[in-house]
Amino acid sequence: MPYITVKMLEGRTEEQKKALVEKVTAAVSETTGAAEDKIVVFIEEMTKNHYGVAGKRLSDM
Amino acid sequence: MPYITVKMLEGRTEEQKKALVEKVTAAVSETTGAAEDKIVVFIEEMTKNHYGVAGKRLSDM
Amino acid sequence: MPYITVKMLEGRTEEQKKALVEKVTAAVSETTGAAEDKIVVFIEEMTKNHYGVAGKRLSDM
Amino acid sequence: MPYITVKMLEGRTEEQKKALVEKVTAAVSETTGAAEDKIVVFIEEMTKNHYGVAGKRLSDM
Amino acid sequence: MPYITVKMLEGRTEEQKKALVEKVTAAVSETTGAAEDKIVVFIEEMTKNHYGVAGKRLSDM
Amino acid sequence: MPYITVKMLEGRTEEQKKALVEKVTAAVSETTGAAEDKIVVFIEEMTKNHYGVAGKRLSDM
């Protein structure tokens, strides 16, 4: 605890996702006081045809 | 804002998903007063082996 | 099935939320072919101190 | 209703997932009083590169 | 890991929710092989005015 | 985009939650390349009677 879900478009590299988990965990620990070893991060990737803003899917823009 | 997540079985066509985002966005804007360009829609597709009702997965029915 | 989650700031009236469920259900049925009586809608309300954009909570803007 | 989401690492067999839906549905029905035929179970599988604990992704451990 | 979310209408007693966590954890452990001490359960309660089926909120039925 | 959900026990101060949104947004921007003004953070607070680990709710420990 805490549990962080990062929902974003697919396309980041493995290096970026590695750094994302590390830095988000540090930011959460620093600001909430939770120990880093208790923090869980889930990454959920979206495809452009399953993500819409202002009534249009990014795949239709 | 608002953020709409549509969780449904896989199998709809791209045309259906395009229309889904459009019409759901319009329905949310019309009823909540939120501007269409602020509304976000996520589509999350399920497979039959990961969706159970009444104790059975649809893939086991 | 499908299952729709609408995540939005608190503050809409009960009338707006009633219409929201009705119209979103119709929009999903019309575009996906799912029968209305199978469609489920969840409303999740947020408070301004629990919703941040561009690094700031709406309660801090 | 109720709606149960099971989020876990990929890798279980179809037999395990079949039994999971069955037993979780029974457990929820027994303890909440909800009828089994009203209970819905979603399975969401994660990959090791999208799941981090203590600042590290399982794929980086 | 695994992480279980139980989304249900408000109204169960504390005793029911205590038993729910216990029995769901046992069911998940038994069927997935995950150790009980690694299993996390979240309960999310809904109110009738935020839960709609077939286009109607339960509070409007 | 990206959309970050932080699920944690209730009890942090408003100052902590303000800093949480700020630092998590910076961490996500730095590692994914997404512009800060596109990043959204949701905070979801849990109560101890709705959060269980190893078969026990924190309120029963």
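Think of it as A, B, C, D, E and F in the order they're written, each chain with its own count starting at 1.
The rule is simple: a contact is a pair of C-beta atoms (placed from the backbone, for glycine too) under 8 Å apart; a residue touches a chain by one contact, two chains touch by 3 or more.
For each chain, UniProt lists the protein as follows: A, B, C, D, E, F = Tautomerase.
Everything numeric in this text was worked out from a predicted model, so none of it was measured.
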Path length in steps (a step moves to a chain that is touched) from chain D to chain E: 1
Common touching chains of chain E and chain A: D, F
Equivalent interface positions on chain A and chain D, same or different at half: different
Repeat of interface D-E, chosen from B-D, C-F or B-C - more than half of residue-number contact pairs shared: B-C
Cα-centroid distance, chain B relative to chain F, in whole angstrom: 25
Chain A and chain B, separation of their C-alpha mean positions in angstrom: 21
Sites on chain F at which at least two other chains make contact: 3, 7, 22, 26, 40, 51
Chain B-facing residues of chain A, complex: 7, 46, 49-57, 59-60
Residues of chain F touching chain C in the complex: 14, 17-18, 21-22, 25-26, 36-45
Residues on chain E engaged by chain D in the complex (per definition of touch): 1-9, 12, 16, 19-20, 22-24, 26-28, 30-34, 51
